[in-house]
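As structure tokens, here come the structures.
Shared chain: subunit A. Partners: subunit B in the first complex, subunit C in the second.
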Partner chain A sequence: MELKDLIQIEIPKLALFVPELIVLITGFVLFSLDLIYKRLSHTLAISVSVIGYTLALLYLVFNFDLRGETFYGLYVRDSFSSLLQVFMILLTIILLAFTLQYQRFKRSLYGEFYYLLSFSLLGGMVLASSYNLLLIYIALEAVSVSFYILTALQRGDFTSKEGAFKYLILGGLAIALASYGAVFLYIYAGSFDLRHVLHFNAPDKSFLILGLVFFLFGLAIKIGVVPFHFWLPDAYQGAPTPITAYMSSVGKIAFFAPVLRVMPLVQESFHNTWVLVVGTLAVITFLYGNFVALVQKDVKRMLAYSSIAHSGYILAGVSVANAIGLKAVIYFLLAYSIMGMLGFLVLAVLERSGNWENKLEDFDGLKHSQGFMAWVFAIALLSLLGIPPTVGFLIKALIFMSLAYGKLWWVGILMIVGVGVSTGYYLRLVVLMFMKERERRAIANPTGFERASMVLMAVSLLILGILPMLLWNYISPTSEMLFRR
Partner chain B sequence: MEWLIFGFLSLWLLVSVFGTLFLKNPVHVILAFLSVILAIAGIFLHLGAELLAGLQLIIYAVAIIVFYVLVITTIPWEKVKKFEGIYKREALLAVPFLLISFLPIAYMVLEGKFAVSERVITEGNIRSVGKTLFTNYLFPFEVASVILLTAMIGAILLGRKEE
Partner chain C sequence: MELVPAVFPFIPLSIVLLLLGIVLIVLLEEKFAKWIALVFSGAVLVLSLVSLLYFDFSQAQKVQFYQSITLIEELRLSLSFGADGLSYLMYILTTLVSFVAICWSIRDHQINHRLKEYYAWFLLSESALVGVFTSWDMLVFYVFYELTLVPMFFVIGIWGYKLRLYSAYKFFVYIFVSSLFLLLGVVSIAVEHYRQFGKLSFSYFDLLQNQYSLAFGLFLFLLFFIAFAVKTPIVPFHTWLPDAHGEAPTAGSVVLAAILLKMGTYALLRFNIRLFPKVAVFLMPVLVLWGIATIIFASWFTISQSNVKRFVAYSSVSHMGFVVAGMFLLNKEGLRASIMEMFAHGLTSASLFMMAGFIYNRLHSFNMQALRGSIRFMPVFAVLTAITGFSSMGLPGGSSFWGKFLTIMGAKEYTLRLALLVLAGAFFSVLYVLYLLKTLYLDVKEEGRLVHFTDVRGFKLVAFLLVVVPMLLVGLLPFLFFAFFDAHIDLLLRMVLKSLGGGLWN
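Right after this comes the complex of A and B.
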């Protein structure tokens, strides 16, 4: 008699989710270290985290071809989940180079930070690898709960609390909406599996549409799509800046993953509804984000609105529910996660200078005081804007091409308007940094690790723009695989 | 016999509901509320939904009541506005809303066909829920435990005094 018959449950294939397991164990090791040592050495915590994440990353890279499902089809390992997870882990490792100095300066050093980070990473990784509505719901909650706490981590600061509170309330609403949608989808098809639900062919599609709309609205709140974006600027501004960087990169990848999994499953029968709803949301989002960013005086808040605008561009690609659209969207998502993170991380370093308030005037003549930071920030901004040698140009061109291919001209033309508007605020910052004269000031000096990470990210923005094939060779088969399902 | 039990439980329920509305001492209100929950759990048991009855007891009677009691103990009662009798104008305004929400429910109860699904397993709902939870949905269950841990860490972190 086999063991399986004896205990009557499926034995999970552990090989498929070793990376998650490693991240979870890292979290628990950090948790125990925090319990054992009364004064946790932060260098130790950071080294343990980096070692754990690197192990998970190496496992993923060396077993990139791992495929399969386990836990009764709830957990799916395919090249899509592996690709997103590689980026999430990489960005988290880079983030750890910046946190210690920032938290020391802001006097908000907490040992809890490290394992909260690993739990949210775990949630994001699970979110990237499931088709099951129930698991998506739980993983969304796992990511969000950690984000609420991380946002409120600057305990003495009022804006931090305010942002976390708004995020908590609207995030709770989002979860409620998403679960409501999941119930409707269950009524429609009698299953929680998205592949089954969307391929199910009942004559009456009203429950399917209702369920999808609620489910996507729930995700839209989490992503920060415009009619539902009210928490985002406050939470991004209030959160400690490295956490903002984390939310705008890893968080964005995680929250977009279920949307990208739905995209290839859009059927002929509700294709037009999909294009109309998602396309309209996309247009409102990037126009609103760019116009409001134009009038911001606070650079951190401006980058938050720029993050909203970029969600809009991604949604524009999502509205084209075909393989080309999906390729463009994955490339955009991964590239944006690097440049969005770089922008916020530069602010995280600059905030350590005295009298720095992230106002536009603070950036006057930054080149003369701290040339290195000015150059890195300029590369990030030009990439966010989309100037040719950087990856920003390439991804916007890809989205535009996929829109043209899908014959969505109205979205494409409005997107050009949006990008045109965004020139106003990105270039203004670059001009302020390089062309304005101002006496030299004492600006915080980045540490060696920070310097290396920023150089790495800036160079990768250029390389991905010049040699797109490096990433494209992984994205292209992934997207076609998702469409063959 | 069945009607007797049902009648007793519903009478108990109604009395305790009016207790929560009209008692003046907050601790008495909480006790009446506890009694409401026990009565509802009894009705669930009487209908054969033992899982719902159990959850009702665990979640409401234990977790939420304790939470309310904690809140009551932290409020300085001498500063709180005292009960001033029933607000007549508000009560009058509430009547039409009550009727409007009551009508569809009454319609559904009188005219609706309460279909019994054949797909539902009738071997006892605690057993079937437990079986599904620990086989098909084992993975979400495990991830949920991480969420609870995270929430607890967050509450301790944000709630403790600054050193």
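Right after this comes the complex of A and C.
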């Protein structure tokens, strides 16, 4: 590389960056509103957020074919980033339908909520569209710091504070590990760009392996991979339930995005190490998640463990570093973000009923007192379990396919064990809701918006399962594009 | 494999009709639910019988009524429906028995709450079953295969008897976990097709071209076999069955025993033998002996039951032993026996479960001893039970006769000892039916203590007749049914021979 290439001055192509800019501006508007008004009108804040996000979403959808790099290659817009961003923004908009009622009920209505949501969304969007370790680091911090505060938002609640504190400490460790890994990778290749790093071919690969291990372990903590998961159940349980839903969907997409960008770049020379390390982590994760979920009495915590287990399934797909694996994983990630979110959002509505503690007993005979919620929850649970024709089945089939492709039979067989164990706890809830009879006090009614969003999500779980080509036609070229990098 | 395109979309139309029925049931009032279910499943039955006129029996090995819509081009994933003789027979069995089950439910005292859901689940189960027997895309087959699980789970869990929750769990967990192996197997052979031909495909016809080494074939065979062995079930895997069948409401047991078990044997025949003929030959001795062991053990279990329903449930396991043993004999008689027995058992087990349900409606107990002698006041019921019992026993002229007789003939082609073993199994199965009939007819109580019951009539009589008449048909005119699958058997045996061309170990 010559000197004139290095000092070339690039005019930023802001067109690529517009959605992020819109979200950023929305965040600052919300921030200022919170500063100006002593008692922030929540309808105003929600309207501003929804308008901002919708604008960003519309821009993305109408410019879906936008491609290019800007900021000296720091920022990459490709179909992968657009796809992930569309999902993140959509899910955030849906989330906003649920927050007001919940927080009013829990007396945790604060203005911070809205702009922290914007900033974490922004961080997630940037995470989905960068190969650069430095930018990834900054975006990780943006998402994480927002998440710490959002988790602790229920100020009067001890579990909320405890969860946030655990999250903060382990999250800090994660950031430290990731940045340490980034440094090793820089030593190895003299660049922060993952594409250069992984294509760089030095005879001694020890720094590369070391750097990748540290970097990925940092991300693994954020994702909640066993044995780095200790913060996750506490944070998920302590956080206000809509925030849990947000962390398990948008958060998961965001933290997995860099992993998915690394995955196609895995080279022949350390492919076997990759398969072994990631495969082992995957197996430990889904086995542990499922077995521990089985003994939970608290449904929210149970879903948190199920979220860990699903990270394990995704990692199983990641361990097969090939195009089919990547397609399977992207489909899985996007589909899971809907199922996981729906599960937690149902809890968010139900928690508004008096005396509701998310215990298993609370679900007895829910079908009779609140049939709508029971059906929606059942669809989410059956999808999490992987019963056709829901999308949950299709994504498990795709993961199995990628495992067969990589001849990872041991992961496949152990995954059968994991899914088999998960039958126990998903099914138990379905049984409680539909097959137990119980006289009940009043159960909270969802509002119109909530009802509509839940129907939308439940239907999309079915549609994505029955007509997979709707999403597949976007995912397939995307993953092939990533492999050409 | 040749495909004959459809002149009229009988099969997709059946599925769509049933789904439409579900929509109507959900939308309309509860009191209409049963009639909607009856009309729609009746319409599908009529549709399947009308389609008989268009089925070309001279080329029954070909897939007829074939239709296909691509879902994902890249994975060659498509919704493709069609039926060769074997599928077609199962399709008719499905529509017939589902109609019978709904007919029975209309006057069943057990079904007195949540009617909308009940009939919706039954229609869903019927549509999924039609899908299972007529899908030619492996992943879609799997989808339908799993989908049959959900309605039955709810039917057992909500309308079942005392231990319903436990049984529903057990049923779901056993079948679901075992079928995950099937899923791994299905995607593995699709990927294997990619390795060999450079294209992913889930189409059954494409996958038939795959070649496997014996070791890898064995591994894949086992992945498939685990799922179907639990579903069928074969003896050590049968423990879910008595609970599920014993606790389900009558109509649920009817569908479970008559059709759901056939999914396992149908799939063994369709997939395990067709896709891995070499492995099937390799494992033949083990599987035949396993089948015979299933017959004998299950017969012993049956005799020791005092609960009529569990009695019938265990007898199903023993019949499935005949199906499995006959199938893996891999000769013409054995395969004929196997398919005949599949159809015959569909009818007899349906009838036997209705009998048990009828007894329960009268006595509120499943204890066989309680009904002793009372049967003399119910002549129609007595006749129906006698025909069913003798058919199930394998009396010449009864429907199960052909299954048992031809299995023995098939076994004799190998060695006489094997035939004698099958004969021993047949002997025990005679024993338990005789025991049942003896308790019902011959153990007479004192005159004064007999209870008068009303006889079978109305919808229940229709339900009984709809299975008893075909039962006699199978027994007396078996060649009508051979026409469905003889061509298929020839094709299958040719394929098995061809695959052995290079020797077993290549």
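Odds and ends about this structure:
We take it that the second predicted complex is superposed on the first by the 476 of 485 C-alpha atoms of A that agree within 3 Å, B and C clash if a C-alpha of one lies under 4 Å from a C-alpha of the other, contacts with A are read in each partner's own complex, and residues count from 1 in each chain.
Criterion: a contact is a pair of C-beta atoms (placed from the backbone, for glycine too) under 8 Å apart; a residue touches a chain by one contact, two chains touch by 3 or more.
Fair warning: this is a prediction, and the values are worked out from it, not measured in the lab.
Aligning the shared subunit A places subunit B and subunit C next to each other free of steric conflict. Residue contacts after overlaying the shared chain place A:Ala142 against subunit B, while subunit C stays out of touching range.
Of note, the Cα-centre angle with subunit A at its vertex and subunit B and subunit C at its ends comes out at 150 degrees, rounded to the nearest 10. Touch criterion met: A:Glu112 reaches subunit B, while subunit C stays clear of it.
In the superposed model, A:Ser82 makes contact with neither subunit B nor subunit C. Contacts of A:Met469 after superposition: subunit C is touched, whereas subunit B is not reached.
Once the two complexes are laid over each other on the shared chain, residue contacts for A:Leu382 go to subunit C alone; subunit B is not touched. For the pair subunit B and subunit C, the minimum alpha-carbon spacing after aligning on chain A is 39 Å. Once the two complexes are overlaid on chain A, none of the subunit A residues touched by subunit B in the first is touched by subunit C in the second. Taken together, the subunit B residues at the contact with subunit A in this complex read 134-140, 143-144, 146-147, 149-151, 153-154, 157-158, 162.
Of all the residues in subunit A, the ones that touch subunit B in their complex are 8-10, 12, 24, 71-72, 74-75, 110, 112, 115-116, 119-120, 122-123, 126, 132, 134-135, 137-139, 141-142, 145-146, 148-149, 152-153, 155-156.
If you check the complex, the residues on subunit A that touch subunit C are 382, 385, 387-389, 393, 396-397, 400-401, 403-405, 409, 412-413, 416, 419-420, 423-424, 427, 431, 434-435, 467-469, 472, 476.
Taken in their complex, subunit C has these residues touching subunit A: 71-74, 77, 139, 142-144, 146-147, 149-150, 154, 157-158, 164-165, 168-169, 172-173, 176-177, 180-181, 183-184, 186-188, 190-192, 194, 219.
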